[in-house]
Each structure stands twice: as structure tokens, then as C-alpha cells.
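Have a look at this one before I ask anything.
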């Protein structure tokens, strides 16, 4: 009830603070008998890890995951999968000055209000290091989803004011990773890189959008009322640090369309019933319709900036603050595997759910 | 697990199809000893009900709610509140022609794919009549939230391309209801009305945006990781029929801002620690910070239009379709109380949650 | 979170007070496409209903159930099944004298302590009338379980000191219902009847044991750790009014056995792997092993007795109390369908769960 | 959904196999600001650990727990508490002969039926080593409960046919631990010890009963319908390995009592409203009444015995089996802290729940 679990069937519970001993988690409900390639988990972690390029924080963590249970001779056994990543490059000293000062647009003040006590070192539990556990569990989920032909790819479609064209994909992860910005359009990627370098040099930060596309989900996944598939995807994405908005398919652009333009006509194709357009984003009435699922996730600029900022301390006294530490000028390149992982957690959950609902 | 429950503490479970006998629900977890003014429930239902103006569907339902349990001498007893609204103006005959045809951008095809069986009359469970139960439960929640000074007001901030200014409010419900479009800016409201009439006359429909603002939530509500307050608000809103997008605070506009512009500086005011700006939308790190919570919800144009559309039947045969029935040309005016109700359900849930988490 | 829901997959949420307008509930997660014979529901309700014989309370309720949703043309649709039973023979006046007095071994004092407010009429929510909703939902579950060859039969195996032999069955419901005591051993049944009549005439009451046997559950249902199949059965039974004990298989008798006596040797039979004895009660390590599941449920004597009792009122003043109203001298004959229904709810839940856990 | 979580508010999720790398877990929902004495955790683990006396298995595990998160400067922070116990004295080789053979009354066959795959080494997840995580989390819960004056003590009240008198207590843990059998009546304890030694020497095993008493729970904890306090206690106890029965208060003895004998009259004492007798076991209508809570838990004889047994292998072939390994001749002395821990988990959960239900 502390809100550290995600998923009803394939359920991740995570723990760990930024500057504590470890980040880790338990996956409960992983179906048995599936081969899990642990190198794929490590690979996605390397796409998320800090210090991977000049565009990201220089905290240097290997983020080596240790699996403790639930796997036997390379396969899932159906019992819970415990895993652990030790924190190594903690520099708690960086945070001593922040002990009693509330960093603007961080969770310092709200955690203090909620709990009355907090581990201030590096943001404690509110740090994005928490997302490591999401990537581990999400990649285990992906390993299984691949075996039923579900394929998830996310990419950076916008940084600041720079937006790529053709944002519905599909792209491969190789195409996405061609440029360290993780935008598959190389020209846009180069402009995005420059924009990020520019704010980095100013001691500032920049927001962005990640687009995600999922192929291979058959018609029939999702629940009709409160647990609509896109509602669960939306919650998943909005739970990622720094996310301010989510849209499915046509999203906010649907607002200015007419029904006659927006409606996706059904047609019959070689592979069965399909739709001519896909404004629905692959989901109708909360349930997948067999078309690609695609959605967008808006990230705010990172709150940790190097410029001097005005704020208050816990007693309400005005303070000038300069955050040292090591921070990302733009979080979206590293957030790509996090978006993919959260999508995988939602999808595997709804897949398992279809089995319980239609047992015959 | 059928996805018909919402909330972990103050939990609504709902039932009912558009053309079945009744819509109803059970609220479990309502705290005892609170006065509940049932007229307020009926009033919110009247703001949601069909046939209330020339801008909405002409289906004529009184939507009179009967409370069956959980209330004693005007107060909640802590036991479950069962309630019921009988359907009266069902014209199932309108739907016979649709039995085997999939209406574009409706849930007909996806329900059939999921369940293999469906009550086709009026969309069955996928009908927006389901939202009646949300409004009943949400208004009960609001009655309690008011007693701890939490105040929720939503309004139409955009219809098609017509957008009002000053979209952060605050407004009163009286101001919102001055115009049947439920936009508190009268000039914009008149333009919106014209836009809706225009598409209605074309047999078409139009989308819109609802903005919601919540005052009075103290700092400390929400959970840090997966159940962030805005993630739960996002799921709640995305679970409403026809919603395609959700954004909290600065939302998608945050993308093109720099951290130095976006960060909300802390200041000290007469009433304690506050922020100078509110790009965060009242929530930081998933937890309320005491500032007004505000968010936006994007609705697509209604899928039921009077124009002839191309589609297929259940065997994949091409069909021309003309939907008769009675439909809204634009759903946002009637959706205002639904947005308010879902917000109330999220907030009361997180309020109760704070009590369990900080028991001392 | 108010504890009025049971089941994770096939989930019953119930509402209603003894002397309120109605008892009802919602089944969420009922799989689609199953024929549900509603007469069977009414039949089980008639086995539970008051006034059915001289051994039970003379409150006269028809307990006619109305189904409001989730069924279409005789079959489950997968959407929630709402249902309702109106209370008719309420004589609230009987309870006015009890408004401020705490009946011994009833829930009056504990409800007042918990909620600070209570609907005192007939015990309100603590009345065994609440079990009506369990029987409705449990019988719907049974209708589905029968189609996969799971068969549940409970019977009275003991009343006071009178115990029948051969308590593992199997018996048919016809055999059980041959005598109004619902003990399938006619000689014991007659003795039990006499014992009940005897305490009834003294204005007193008597306890008893119900044994339940379930045939047809294949090996593999249940969860290994916290949600062991017999743990869930135990919770289900202990949640029934007046139940004080639960045992699976050998139960408390296992205590004085040696491992070499108690262990169930595996053997191979025509129908596969089986066990020679069944001390395990059909469940090993929390998971069904394909043998009959059998367990026992101990009921205390009904707390409502006609004799004068000493107690206190809400201010702690000593009071002499004589309960009038209409009460059962022994609850076990009417509790048989409740035990069957709760067993059915547990079993269908674990059946659906196996599908989500082993999706391939 | 894999059934490896316990508790809704203070929720333990556990992982780990007998012969895997580690046993561990996550506590989510631990309230912040409470001092947790980690030595107490280690002490309870030492009461549970193997090899502690000649009456228990000679597997030698230190069971040293490492806390990884959620604690800061000796106090709980409200964030999840991750913990880990490495397995050290694994002798997997002992189990090679058992790879394809189903041990009688073990979970080998049922796990294989459920998952189709299993880690056979030492029973894998079905091993009682899993209860380590329960003891860690339960003791953390106890540390908090003590601060609100809730006190839990369990003891061995029966082994085989040897039963102690005065089984309602109260006793202190010191009294319980005076004898390694953990029966606070020294004479009975000595007889129990002899009985255990006797079966051990025969290569056999013996069952027993643990009684648990909880003082200090105020009136008002528990839920009225499905989540009755004793139903949750019952589920908790029945989920422990080898448990076959649970009874609250008078339990199975209530069956042969009359209502006039069994009813607990209310009286007024110096400390408020109380009951004269306590057949209810401190719980009425599922809610605590302020009297001591007491219940009994029946354990079967351990299934692992040294004698030759007849069984079958996975292909159904008859096999003679002799289990080597290291096993307990009677599990109840070591199960005392497990019973206490599970009780603590149930109680803290219901305590937090009262806060959410009565928020004012």
C-alpha cells in the first residue's frame, strides 16, 4: 500500500534509495517455463545507466544486476524473481548542503511533508535510480512478450523545440541507438544534441517527448471500464520521474478534429479485420484492436540545474541554492528504455489477465 | 479483476449496461460519520444526464438514484453504500441493425474480440451510461472532501479550435454553468456553442478539452513511486470514455521550457511554504505540495456520427453504416461532472491512504 | 478496503444491512460465455432462507433475487453481474430496546467501537442476512465449476455432542437434504433434530460442524506461499458468521499422528498418480493434488438466545437483557449452502488464477 | 498474483528457494518514524533457525539478515524495506536422488503439476526456509506494535498426545524459552522433549499445537464481513508450512457448548467495558473487543522422515524412497516465532487499516 508495486499479475515490487546500499525488486507472477536472456536485461540497463555519454550525468554506476531466485537452468520457474543492484558510486557528501534545503521542483518538500522524515542523500527514494528496478523487470517481461511476438520500441521524438517527422514509426532499436540522443531521424538527432549541449553549457536543462510503438498485440487485451489498456499505459508513464503528460494515438490533436475525420474505418485485409487509419492508437474502448499501439510521453526539463536558484529551507528561511552533484541536462535519451520497460510491464499484465478472464 | 473497481480505500465497483435493467454500484470503504447530502448527488447527475440541452443527446433519462445501504439517519455508517439507477428510455430497437456490424472507433469489435459474446444494445457496457456510477460515487466522495476543505471544479477550456484564456482558474461551478457549454468565459462559450451546433447540423462531432482545478489539498498526499498522485489522476481521466490525453500542470508545454524557467521556486507566505509559480500543477515527485492541483483532459470527437461511414461486419464483409440513435455532437459539456467525480475518487483515496501510512 | 469484497479474479463485493432496503452485490470477473441457470441460485437461496423449517428462525423472507446486468440471453457476458434481494419482513421495532444495549457475543459493541455509529436494527451489517450475497455469487460460481466437473457438497456432521460416522463422504445434495438437519446419516440426523429442539425449548442454542467435500479439482490449483488453497478456504470459512474453527484433511487429529502414519503414499491408478490415503485433504504445499478436498468448519452456538442475560449498555451500566426477535436455535442446517458457496468462490478464483499463471 | 505477498497495508513480498542464492523480501507500507531494533529481528531469526538444538534439523545456517533500504539513522522512513539472507549451508547434492521422485506429503508433485518445471533442490520454494522472510518482516512489525502496547507471545501447548494445562496464558517469551521445546510448563515440556526424541530415534516425526495470545489490542480492529480479524489470522496461520487447522477462542470446543454457556457477558471494569469470559477469543463479529486474542494452530507431523517409504516417480513408476538430508522430527518448537511473526503481520495491517477507515 506504499505504492511500490506495479502490476496485478506480473507484479514488480521495488525498493532502494539513491545513496543506500542497493536498488532491487521482486517480480511476482512471472509465468513458468520461459527462457530469460539475462544479457538483454543488462543491455537495457546499459541504455539507462548514467555516464553513458557526454549528454548524461557523470555518476558512474555499472548497474550490474544479480538475480537471486525464480530462475532455474535459464528458465523462469513461476516463483518470485528477486534481484539486486548494489549502489557503488555514491557520493553522499555532495548532498550534505541540501539536508535542510528544499530544491525547487524536486520532491524534497513533499517527502518531508508526507513522511516527516527523509533520507535526503541524492533524493533518496525519489531519485530516478529507482527506475533501475523497472528496467530489470520490464526487460524480463519483454523477453517473454517477444516469444508471443509482441515488440516494443520507443524513441526520442522531440527535445525542446526540435521535433522529428514521421513520429509513428516503426523503427528498430538499432535505428534508435544510431545516435546517442536516441532519435532515429539522424538530422533531428544532431539538432537535438546541439540543443542539449547548449543548455548543458548554460547550466540549464531541457524537456522532451518520447514516442513508443508496440507491434504484435492481438485484438482483445485490456479492460473495458477503469482498467482500460491506455489508462494503465498512461498511469505507467506518468509514474516515471519528470513526466508531465501522456497521450494515446491522436492524443491532444484529436481535440480539433471532427468525428468524420477521426473515426478509424474498419477494412478487411489479408490478415483479417483492420482499420484504415489509426487515430485510436491501437486501442478502442480500452481494449486493443490489433493495430499498432502508439503513444507519447512528455518530460519536463530536469529540475537539477547548475544555476543559482532561490528557495527556502525547512524552517521557511529564504536560501540561495547551487546544486553541485552530477545531473543530466536532458533526461529523454536515458528514459527510452524506461518507457519501453513500463510498457512491457503493462502489456504482460494485460496478456496474463486475458487468460484469467477467458479461461476456456 | 474484471476492471470494474476503482480505488483502493474508497473503492467504487460498478455494473450495468446501456440497455440493461439498471446501472449501479457499491462504494466500499466510505468513512463513517459523514453527512452526505443526497441532493448534491442528484444535482451532479443532472449535469451529466442526457437530454439536458440542445447540445446533448435527446435520450431522456431522469437518472434517479436509489441508495440501498450504508447510510443511516443521513450519515455514512462505514458499511458499503449500494446504489441503483434504473434505465428507462431504452430503445433497444435502434440497435438491431448494428448487431453484427462494427461501428468505427467504437468498442464493438474489441469487445467481440475480448469476450466472444456481447450485449450489442447501445454499446452495452462500453456505453458512457456507465459513467453514472462514477458520478454517484464521486459526488459522495466530494461531499466528504468538502468537509476537509477540498474543492474541485472542472470546466470546458477548449472545443475544436476554440480555446479560452486564463485556463488555470479558479472558477466556481456557478460560473461554469452560466453557459450550457460549461466554459466559464462567456465569449468563448458562445463561440464553442456555435461550433458544436455547426458540426451537429453536419451530422458530425467535435472534440474538446476539460481543465480541472483542485484547491485545498494539503502537502503530503500521493505516493512516491508507482502510485504518484498525478499518475492516479491520469489513469482516472484516461479511463473516461473518449479521452485521448492527460497532462498535469505545464504538461506538454514543459517540453519546450528550460529547467530555469520551469522550476517552481519555493517562497514563504503568510500561510507557510508555497511556490512562486505552479508549473508542477500542485504535485512534486508524485506528492501534493499544497498548491492548487490543475490538469487537462483531451476528448476526441464522439465516434457516433450521423454521416454514412464505411466499415465491416463480424465476418469481415464491407458495409455502409448510418447510425441513427441519439448522440452528442460534443461530449465535453456533459463530461465536466465526470471529470470532477473521478478527481474526487482519486483524492479521497489518497487522503485515506495518508492516514494508513502515517498512523501516529 | 472496507473488507466487503472476496476473490481476486471472480470477485464478489456485497452490500446491505439486515433491516435496510436490500441485500445485493456485484460479481466482477465472471468469465464470459457460460450458461448460468438462475433457478439453481434461487434453489440454494431457499436452502439458506429463514423460515424453512421449525428448526430455523421464523422471519419470513422469500429472498427473491433480481439480476440486473452481466447476463445476456442466458449466458454470462464477462461484464459485472449486479444483483439485488429486497428485504421484506423487517420488523425493526423488535430492535428498539436494543439500541443502546450490547448483546453478549454479538458484534454490537465491536461495531460501535470501530465505527462510532451503527445501524442497530437487527445487527445491521453484522447480521447473517449478509450471507445471501455470498450464496448468490457462490452459486453462479458453482454453475460454472460444474461445467469443468468440479462438484461441491457440504453437510452437517455434528450438532452439539452428536457426531455422524464416515464424515468424508461423498454424498449427494439429495442425500444431505433428506433430513431438514442436512446430515446425510438419517439416524444421526434424527438425534441432532432432537438436540436442537431440546435447546430451542430451553430458549438456548447449540453449535455444530459442517464438513465439505469437493471432487473434480485437478492437481495444480492453489499458490505455494501465502495464498495456499487451504489458507484461502480457511479464510473463506472463518469469515462466515459464528465460525470458530477450520481444519483441512486430518486437521487437529494430525497432531497426535506420526509422520509415518500421516504421510500419503503416492500410487499409480488407472486415472494417473493418486495417493493411497488422503490425510492431506487433497492439498499439498498449498496446491491441489487431484484427490478430493475435504475440510471441517466449526460453528459456535448462536449468540441470540431467549434466556435472560446480563450485559451492559453503551455507558457501561449493567443491564438485564431478554432478546425477543426470531432466531435459529442452531445455525448449521442453514449454513450448509453458505459453506458450499464460499468454497465455490475460492475454487473458481484459483481456477482462473491457474490460467493467468500458466498462460501458454 | 503469484501469492508471494501478504498484507494490504504493511505488505511483505518474499522470494527465495531453499537451495538458491538467498531468501529475502520487501516490506512496503511500513509507517515512517518508528525505531526498529534490528537485533530483535536477528534474535527471532535465531529462535527459528535450524541447528539450534538436538530437536531440530542439523542444517547449519547463521541466517544473518542484511537490510538494504527503508531505514535511516535507525528509523523507518516510510519507503520500502528490502532485506536479504544468503543461503550458506546448501547441500544440493542431498537432493539429486529426489529429482524425479515425489516425496509423500511434500509439495513435489503439486508443484510439478502447477508449474511444469521446478527447482527440486530442497523443496525449492516450498521449503520452510521461505518462512525466514516472514520472521524478518513480522519482527519489524512487532517492533512497531510494541510501541502501541500490543504484545504477542506464542508457545507450544501440545506435542503428539502430550498437552499442557492452562493453555490461555499469559506467558512471557522468557518463560516460553526456558525449555528448548518452547512449552512454558516445564513438566509438560520435558515429556514433549522425550516424545520428540523418541520419534527422532525411530526416524519418524510428530505433530503439535501452538497457542498464541495477543494482549493490548484495543476494541475496533478488524473488518466486519470477509476480512474478519480472525479470518485473516486463520489465513495467516494456515499459510505456514505443515499447518492443518486453526481455531479462535473456544474453537472446536464451542461446538458442544450451549449459547447460554458460550456467550461472553459484558461487564464494566476499572478499565472500561470488558467481558466476563473470553470464549470469543477477543474478537466478535470479526472485530477486536479489547480482550486478549488467543488462538490455536495445529501442525501435522513433518513429512520428511528417515524411514523407507513407498511412492512413485514422475512417470508413475513405483519407487522405494529413503530421504536423507537433515530434518526436524517435530517442527513446532521452531515454528513459535513464525506464528508470532504472522500474527504481527496481520495485526499491524489491521491497525493501519483502522486509520484509513476512521480518518477523522
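For clarity, chains are labelled A, B, C and D in written order, and residue numbers in each chain start from 1.
In this section, a residue touches a chain if its C-beta (ideal position, glycine included) is under 8 Å from a C-beta of that chain, and two chains touch if they have at least 3 such contacts.
Keep in mind the model is a prediction, meaning the values are calculated, not measured.
Chains touching both subunit C and subunit D: A, B. One copy, subunit A, sits rotated relative to the other, subunit B; on C-alpha atoms the angle is 180 degrees to the nearest 5. Across B-D and A-D, the chain pair carrying more C-beta contacts is A-D.
Averaging C-alpha coordinates per chain places the centre of subunit A 26 Å away from that of subunit B. The mean-CA centres of subunit A and subunit D are about 39 angstrom from one another, to the nearest whole unit. Centre-to-centre separation of subunit B and subunit D, using mean CA positions: 46 Å. Annotation for subunit C: residues touching 2 or more other chains are 1-5, 8-9, 14, 29, 32-33, 78-79, 114-116, 125, 224, 352-353, 356-358.
Of all residues in subunit D, those touching subunit B in their complex are 9, 29, 31-33, 78-79, 224, 351-353, 355-360. In the complex of the two chains, the subunit D residues touching subunit C come out as 1-6, 8, 14, 102, 104-107, 109-111, 113-116, 125-126, 130, 158, 160-161, 199, 202, 204-209, 218-228, 230-232, 234-236, 238-239, 241, 244-252, 254-268, 272-273, 275, 279-281, 283-290, 298-305, 307, 309-312, 316-318, 353-354, 356-358. By the touch criterion given at the top, residues 1-5, 8-11, 13-17, 20-22, 24-26, 28-30, 32-33, 66, 68-70, 72, 75, 77-82, 84, 114-119, 124-125, 352 of subunit A touch subunit D in their complex.
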